[in-house]
């Protein structure tokens, strides 16, 4: 049940965010049978970050919005990614900080074995800091879940 | 006090881990006046991950080991990176999981302004999972601190 | 100072929530010298869950509202129960989720020894999920404190 | 995608623990096409609690041990249940406390819709306290995940 | 139910630690009907810090060791104090850090109203840092509970 | 790199809060080349506590507001101090509690070695409790960071 070297879903999801041409890279992934989408969100409200990612994933057909197990898988992947971004308390404005993030959602099977089925990766990259321009540093997060 | 587009320390620290030739990339960074090192650590003990990174950073002269403020900056950067890796509780074996990680430590000024001085980025990328081969998924973490 | 098998306050508080006739069961408990109350609350605000339980406990005379040590005991029991419900961050709407909960508050001495005095149990059972009908799963929590 | 009133997996998993005849109740569940197992574990090591539940679930065929997505689903359900038990830090002996727990693992589809597929519930009930006989109170936890 | 200005239990517990003559100050408190004790503990194990405080409190008769509700009150006060000391994860050696602490336990009624009964304060003050001499900074914690 | 006995920045920052004449004590510190300020803030919003301390520190010239590394050092020291105050979740009104706090910010080198440079201490002392007069107990927090 090893991870396939060529199909590292987390690595691919992060490289999408750090790429100089994310759209092209996303298209390549789609040609290789991955489902995925990218987007941006800036907010002092963690729930707006969650909503932006969920909306993008549903609108782009990454998850099937009428099936709760798919939303559930995505939600927990988002929350795990937010842990990397917030590093301690999953809070933004309530502790006087804000984020400006790119996000990617990627879906596919990263394992050699077909039975492992689909997994979902949510990656986040951007800045976190005070609500003052420039008072910020970079941040990253990755959440991975079976779907 | 904006982040310089060309000097995004977190992005560089993560790309080092995801690169196909990390040594070459590290050398390029050094030529551009960054200090940095890379390494690997696998363990069920979070303290061994901390120790491996601290040792590498000191041995490679990324931080000055006789000055506590430098160790302090590095320690908190490591702890922040571990939040991304562990996503909830900074625990490994005590909750029956293990990690296999690459790490990078990078030091330099990512801001336009010279007065911002040096910052340190600790990036972690690898797998986390049960202590059973293949029962694991990817994980990432990034901690950034002024030094 | 062992727990009395017949007076397991936590077990009783949970069974109250899962019972098909909670009112009858509550009356039985009262006849056996327990103080208790039950109620329902649905919200995206954790503070509204706290307030609903505190109000019910005071209105039903489970705690003496003019004595702070009683409110203090109840508050910490509620917070502990919320940990079971939220499993990580005691947050609801701020991470885009909502709860629909039944709650019970029970007061009495669950130990064999009389000197152990009164203890308080707060139990919560219901659903947690996205603010979308049906996008939810069950959740439970129990907090126990001396009073 | 509503939860089915008759198939509340969390409620059933908890009632198994609180039942006076858990074996009989488990058999009834099996007759109704649920997979499930029950067991007991006492320890100051959280990882031993995790291991006991994982072992029981695999040995009883609740999850397919050669498929990582199944172990992954179970692991996160266990961790969520442990949050209810520990209420703050998923730590036992390292903060000088110990648990004596019954556990149940239940698998099936709790939703009306067939497409929701299988879900897994891990319930924990018992005592937590100082490593001194009788210095303990009750505790409960429930983790639910799609599988 | 206001706090009495002259009987601020937390303030007194902290000043005991910061005092230049703690023994004298403790004696004065005892003359004023407070129960209290002081001690020191250095460790990489959080459970040894807990044990040292519990042992001192029992040996000095601050709590009645045969009554669980008293141990329970003390335990939670210790855990709350440890949150201030550790600031995020109640972990020491498992994240490669160590503490050298003074502690005080104080018992009495800090409120104007007699019915508020006894409360307990646990204060901690000392250093936290790497297991390397001098690589440390100060830390403090205070836990307060009704007893 | 030992802490200097006469220059314990954390101890001084806390004593400032517990002093009967904080202004006089602050003046003495300034005469001894410490930078520092004191203030008060009461709120159900953690972000207002953060803002009050940041504003005071900038207005009094404790940190240089045009340099992000100084704000960054202060922010993390505030967050660490808030862990001691909140003991678990850095939340106030969202879990129905409020604080009334004094705060101090102190800046200087607490180590024997000159190279350790400036450090910053944020201390908090006051009450935490229900939004009901008198339903509260004391709380303290200390955050220390290199700057």
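For clarity, chains are labelled A, B, C, D, E and F in written order, and residue numbers in each chain start from 1.
The working rule: a contact is a pair of C-beta atoms (placed from the backbone, for glycine too) under 8 Å apart; a residue touches a chain by one contact, two chains touch by 3 or more.
Please read these numbers as outputs of a predicted model, since none were measured by experiment.
A.B. asks: Return the chains shared as contacts by subunit C and subunit E, ordered by label.
C.D. replies: Chains that touch both subunit C and subunit E, as defined above, are D, F.
A.B. asks: Farthest chain from subunit B, going by the mean of C-alpha atoms per chain?
C.D. replies: For subunit B, the chain whose C-alpha mean is farthest off is C.
A.B. asks: Taking all residue numbers used at the subunit A/subunit F interface, answer same if over half belong to both copies and different if under half do.
C.D. replies: Different: when the shared numbers are divided by all numbers used, the fraction is under half.
A.B. asks: Give, as an integer number of Å, the spacing between the C-alpha centres of subunit D and subunit A.
C.D. replies: Measuring from centre to centre gives 29 Å for this pair.
A.B. asks: Nearest whole angstrom, what separates the Cα centre of subunit C from the Cα centre of subunit F?
C.D. replies: The mean C-alpha positions of subunit C and subunit F differ by 36 Å.
A.B. asks: Check each residue of subunit B and list the ones that touch at least two other chains.
C.D. replies: 1, 68, 72, 79, 88-89, 91, 94, 111, 119, 134-137
A.B. asks: Let me know each pair of chains that touch one another.
C.D. replies: Applying the touch rule to all chain pairs gives A-B, A-C, A-D, A-F, B-D, B-E, B-F, C-D, C-E, C-F, D-E, E-F.
A.B. asks: Give every residue of subunit F touching subunit A within the complex, in rising order.
C.D. replies: The contact residues of subunit F facing subunit A are 45-47, 50-51, 54, 68, 71-72, 75, 79, 82, 89-91, 94.
A.B. asks: Subunit C touches which residues of subunit E in the complex?
C.D. replies: It is residues 1, 66-69, 72-73, 76, 111, 113, 115-117, 119, 145-147 of subunit E that touch subunit C.
A.B. asks: Considering the complex alone, what residue numbers of subunit F touch subunit C?
C.D. replies: For subunit F paired with subunit C, touching residues are 88-89, 91, 93-97, 129-130, 132, 134-137.
A.B. asks: Flag every residue of subunit B that touches subunit A in the complex, lowest number first.
C.D. replies: 1-3, 8-11, 14-15, 18, 79-80, 83-88, 110-111, 119, 121, 123, 125, 127, 133-144
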